[in-house]
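The next part holds the structures, each set out as structure tokens.
In what follows, subunit A forms one complex with subunit B and a second complex with subunit C.
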Partner chain A sequence: MHLIECPWCGPRAQVEFTYHCDSEGLPRDWESEHETELHERMLNRTNAIGFHVELWNHAGGCGSWLLIDRHNRTHDIRSVAYACNGRSGGK
Partner chain B sequence: MTRRRRTGSGGQVDRRGAISFCFDKRRYQGLPGDTLASALLANGVTVVGRSVKYHRRRGIFSIGSEEPNALVRIGNDGQPNTRATMVPLIDGLEAWSQNRWPTLGFDVFAMLGALAPLLSTGFYYKTFMWPRRAWKAYEHVIRKVAGLGEPPVRADPDAYEHAFGHCDVMVVGCGPAGLSAARVAADAGADVWLVDESPWAGGWLNRERATIDSRTGSEWAAAEIAYLESLANVRVLLQTTAFGYYDHNLVALAQLPAAGSAGRQRLWRVRASRVILATGAIERPCVFAGNDLPGVMLAGAARAYVNQFGVRAGHRAVVFTNNDSAYRTAMDLHDAGVTVVAVVDCRTAADPGVEEEIRQRKIPILKEHVLVCAAGGSRLRHVRVRPAAGPAGRSSRLKCDLLAVSAGWSPAIHLHAQSGGASTYDEATASVIPADNRQATHLAGAVCGRFGLAHCLDDGARAGAAAAAKAGFSCQPPRAVARSRLPGDAGEVAPLWAVPDSASGTAFVDLQNDVTGGDVEQACLEGYESVEHLKRYTTLGMGTDQGKTSNINGLAILAGRRGRPIASIGTTTFRPPYTPVTMGAVAGPEVRERLEPVRRSPLHDVHAELAAEFDHNGLWLRPAYYPAAGESMRDAVERETRTVRTDCGIIDVSTLGKFEVQGPDAARFMERVYVNRLTRLASGRSRYGLMLREDGMIFDDGTVTRLDESRYFLTTSTSHAAHVHEQLDYFLEICCAGMEVAVTCVTEYWAAIAVAGPRAPAVLQAVGVDCSPRIEQLPFMAVTTGTVAGIPARLLRISFSGEWACEIYVPARQSTHVWNELRRHGALPYGLEAMDTLRIEKGFIGVGAEANGRTTPIDLGFARMTGKTERHIGQYGLQRVHRNAGNRLELVGLLADDPGAAMNQGAQLLATQGQRGFGSSIGHVSSAAYSPTLGRHVALALLAGGRSRTGDSVYVADPLRGSKRDLRASVCAPCFYDPDGTRLQP
Partner chain C sequence: MFSSHSRPPRYSAFNLLRHALTGNRHWSRAWRNAAPKDGYDVIIIGGGGHGLATAYYLAKLHGAKRIAVVEKGWIGGGNTGRNTTIVRSDYLLEENSRLYECSLQLWEQLSDELNFNVMFSQRGTVLLAHNEAQLAGVAQLGNAMRLRGIDAELLSREELREFVPVLDCSSATRWPVVGGLLQPRGGTARHDAVAWGFARAADALGVDILENCEVTGIGTRAGRVTGVQTSRGWIGADKVGIAVAGHTSQVAAMAGLRLPIETHLLQAMVTEPVKPVLDTVIMAGAYDGYVSQTDKGEIIMGAELDMYPSYSQRGNLPRIEKIARYTLSLFPSFGKLRMMRCWAGINDMTMDGSPIIGTTPVHGLFVNGGWCYGGFKATPGSGYLFADLLASGKPNDILEPFALARFDNGRYIDEAGTGPVPFRH
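== the complex of A and B ==
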């Protein structure tokens, strides 16, 4: 079980967090996104071995949306940051 | 057996005490300080079980958790596969042998041993393939013979709990290295946990005649542990196995209650800043014919039984070895009064010190000799030895009843490997030793392949200091290391895996799974050359011991066969748990009613008073129906359904997910979240809304109510509420960044009661509803606020039943009064079952049934809702799905030709009667009910190209539920009642 350093709550156990998706699956700009862009990010992901920035939600904690830079084989975590918008920081 | 097995003195047992215990119904005596294994040996019990495949007699083989043979059941109908070596003896202990029928002495299935040549490796895969139909007959017999132990029949009587811990330094292993590490780290001020699977601290110090600082090893260990236990920053857990080493230094521990106490088994999850693995090493045997006979034992175990328990495992011993450590066995056995017939050593020279010790005791040493075979029946009778370089056929016989064998020591790298650490093959010790760490780990002692006692103490001190320093504690320079002595502990071996000419059916590699050297060679011949394939094909190392004493021998034989160095072969993956963990401990207290939380509606007590039958809906408990006295479920549901159609019913819908969406951008946000066009939704009006996923499939349905320009009230299905909340949050945060909108979950603030039926307006008038417009004039899909029975309420004119209906939202704490007032004025409660029947009659979709995650709004007949041009979730997905739609499953109604015939949810639809096999299904029944209103069974179905088949006949097949004949049914529009919706209007 991972230990994730939530920027708001501090180090917490993985069970408090929900994995959402790889950042490859996130929209660049949802409002103006083209259909092919959506399908690329939804269906054609590389899933390479290595560090990936992933979107997680601290659902069992402060509710922040976090971008976690995590190695998908070793599970090393390089960084944890608020997802975007500065919104989470205020929670 | 006339001669005594127990020595007159020595060891750590209390000779003044006596403990009575039972093994296979026979009563024996043991001593305080014994394990079940040592007590059985002291009583001369040589055979303790039968092997899994050939049912060969097996005796105690080791002294620790690596034991492959001595697996017993503790207590009648108790826990099976318990290692006798790990059970502290307590008064009244009852143990039973396994894998024998009817008795250990006479076992019917022992004849399987004679069939051994036929039961070769891969036997199951090869033999039972033909004839195919006969498998059912084979299986019956195989199941009876196969398997290890028997699961208990009654429910587990033991109690379990989960616990969580944190520490600076976790030390795994309480031997010399672990004790030394713990002391240094603790003295530096770190919070230290010290755990060991054994009931005694000290590890091998209890089992050897070592001296440390002029004390015996066990005295030194006792003093160290007493000191550590006196410190406030140290926690010592014995009988606690660190069985798993997971990500980010999480160590899982299984802690047994102290022997004889009725405590709970505890499963710990401990997050440690640093972990010190001082897990030691496990001795391994060598492969030769008859190496599984009772009386063949690991050399370390043989001396450990003498040293720790004062038990002679035999009276005439032969020692067979490729390393110096077994010379101590010869010394210790001799000094305890055992006749040591010879030390058989495959090497040319041993350490001069230990050799001299043996010579002083006048024990013959047969150098450059190997053991050819062991022979005997229910116990060992003799062994045959020959010069290693000599011709194969010529061997001499040595009479003995104990063969102590050592082919070296394998570091217990299991936890290191689980943590992601690398390993490498070390030639000097002929073993796999740890290489790089992956986590915040330190290794100390024999686990590194450094075997000397002085090394262990030294290593431990160094690891303890390093770990404490890394955890942020300043360390004094390590104390002067204790002076220790243990002869022949250098750890070097001359590799010896299998005696060359012993390719016999009884030369075992894996004792627990009955895998022989021949099996490994044959698997290799058949092409199973990878270690992982070898393991799965032969079952080598797949027993409950996970090959602790056998894997390395198997690898070496495989390497020899392939003519490659062992280092290039690799090892199989080490996975948790290190030793088996009781499933109950994994489940912990989270069983039965504590398995998951139960959510109850604010009206729950009212339903209970009405004797409702409850059903689970997500985490919620909801009334399924309210049976009157003597009423069956079907009667109750029909009555409740009729009440709504003809009178006035009320149902508790407080469990619906409820959200408020507010802010200047709320309208824009709603437009993006729902597939419907919502910009023109006026304040004070509601609409049925569908949320999609990005792939175009329906995610959830519910209602959207516009309270004012910038404020919406949403309801969602009960089961999806949490998920919808997360989606809205995600969407707001990630996709609509910059929108000024807040989403608040208000599910628990509002109770909700739906009042439905032609008499509902009259009942509401009687109860007293104060709102504008008057409730009976409130248009369908309109919302207003006011009071109901004096309680402030929000009233929504929406209907899930097809009758005139209104949902009343009141503050949760005041809902009981409203419910009781409605009841007092003639409203009758109905439950989920009647609600479902009403919705099916109307053809309303259910989340999970019709909206099953694979259907789009167009599939379910909501095409009119779709097609707006503004970007919304699921827009592109929906377009893509229907661009090349083909023959998609579409929502239809089904009416069986026989109105009395029930169609079940999940039944398959066929184009022609009796069709079976892949591809014959053209759809399935998604919801079905008996409609009391129509007096017949009706069903909703998802049918390929369904809407164009209206009027056609299909066949409803339900073979799994035993229906023999397929029902003929005609396809109709998915609405069986009031298709024009006239009854909804005021």
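== the complex of A and C ==
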């Protein structure tokens, strides 16, 4: 269980958030992505013990899509940021 | 006795009586405290049920002589002792059906096979349906099972009421029960006994069980495995099998492999023990939960994953509260029980929800992992089949579909039909 510091709403209980995927699974560039890269990021994972940047959604709150840098054994959170590039405020 | 140590005696009523007369002071160790040798023919990484079963069947059926099981902790201290002990083979997809039915048939003789009472109790497993669509779903599942010769019985609400009197079958509950699918041969087993039984039987066949021996590296030369580096030194081997629930990605990464696995937590909990009240296993389709009563009398329950990756093995109160609340909607009378313990197991979830058993790009290195939350019921079958793979180097008919290569050629075994989202399976 985590206390997550949403940049819009402030600290909220983890039950308000839904985990989506590891940032390894996100496309770097939709336009030029090759089939083998798509296959690799969709299916394979490093799955290492340590900090991972993950895509979460504050579904039970402001609805923001967030990148959370979280440790998968200690559950420490280093940073929470909006997933949308270049946006510092708003949703 | 010509060996350097005395083999454990056969467990029997006669021996039980004999030792009772001497105050049970002279029982020998169930397995030796072996020291690592320089090299083995086969090393199995992971001393859980699957690894020990693999070693046992390798020694017994394939005549392998020099086998070691390498365990970082102690026998029975990992996921083997953390599951909810349910055994069944009610799968829709033929690949899964064959795998788990092979295992269930081995369960049925396991206590005799190992000369160790694993307390396998075929009390039946019931999959509840909560609406007409789910009822059609479980009926389809039952038909698929029966066509393959596996036992399944569709139960109406009235039949369920009689079969499980403690279940609330009224229509006024949160999850009204409209029927269910019973697999009479399903049930539960004592999970620690499974690990101990396999360890003792494998040891009696000469397998070295190396506890407190953590693998820190896998040696390879020219694409071929050469052995493992451990906390107790280098151990050479021509063949290495990985059977580590919860850390498959870490161990495989030592050989440079990246697997389609994400690791998640699954919560389980028990109440205080009470007199027998529930003599079957109930699985609720409404929330993917399961409830049964242990031989000690505790009500044991669990449900879906925590839904985010974790290796923490910690409790998660919102999930525990949800499982308890859902269980009470089916069994209101359990509301008077006090919760005694809760814990979490770490589950290697694959991208299609089915295990990965097969060869790897490294010659001589084999993987058996990604059992999601279905590993316990597969213990004897997994060991039996993985031993066959290690001995022959080639997967047999049952194992062939579970190869790692299925993710490259798109032949997923996706029982839940949810796509490559590991925590939705």
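By definition in this document, the second predicted complex is superposed on the first by the 86 of 91 C-alpha atoms of A that agree within 3 Å, B and C clash if a C-alpha of one lies under 4 Å from a C-alpha of the other, contacts with A are read in each partner's own complex, and residues count from 1 in each chain.
As a working rule, contacts are C-beta pairs under 8 Å (C-beta built on N, C-alpha and C of every residue); 3 or more make two chains touch, one makes a residue touch a chain.
If you're wondering where the values come from, they're calculated on a predicted model, not measured in any experiment.
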Which of subunit B and subunit C A:72 touches, first, second, both or neither: second
Which of subunit B and subunit C A:1 touches, first, second, both or neither: both
Touching partner for A:44 - first (subunit B), second (subunit C), both, neither: second
Subunit B versus subunit C as contact partner of A:31, first or second or both or neither: first
Subunit C-contacting residues of subunit A that also contact subunit B: 1, 13-14, 18, 39, 42, 74-75
Subunit B to subunit A touching residues, read off their complex: 246-250, 269, 271, 420, 438, 694-695, 726, 729-730, 733-738, 871, 876-877, 879-880
Subunit A residues touching subunit B - in the complex, by the definition given at the top: 1-3, 13-14, 18, 20, 26-27, 30-31, 33, 35, 38-39, 42, 55, 57, 59, 63, 65, 74-75, 77, 83-85, 87-88
For the subunit C and subunit A complex, residues of the former touching the latter: 249-250, 253, 258-263, 307-312, 314, 316-318, 351, 407-408, 420-421, 423
Parts of subunit A lying in touch with subunit C, wherever the complex brings them together: 1, 13-15, 18-19, 21-22, 39, 42-49, 52, 54, 56, 72-75
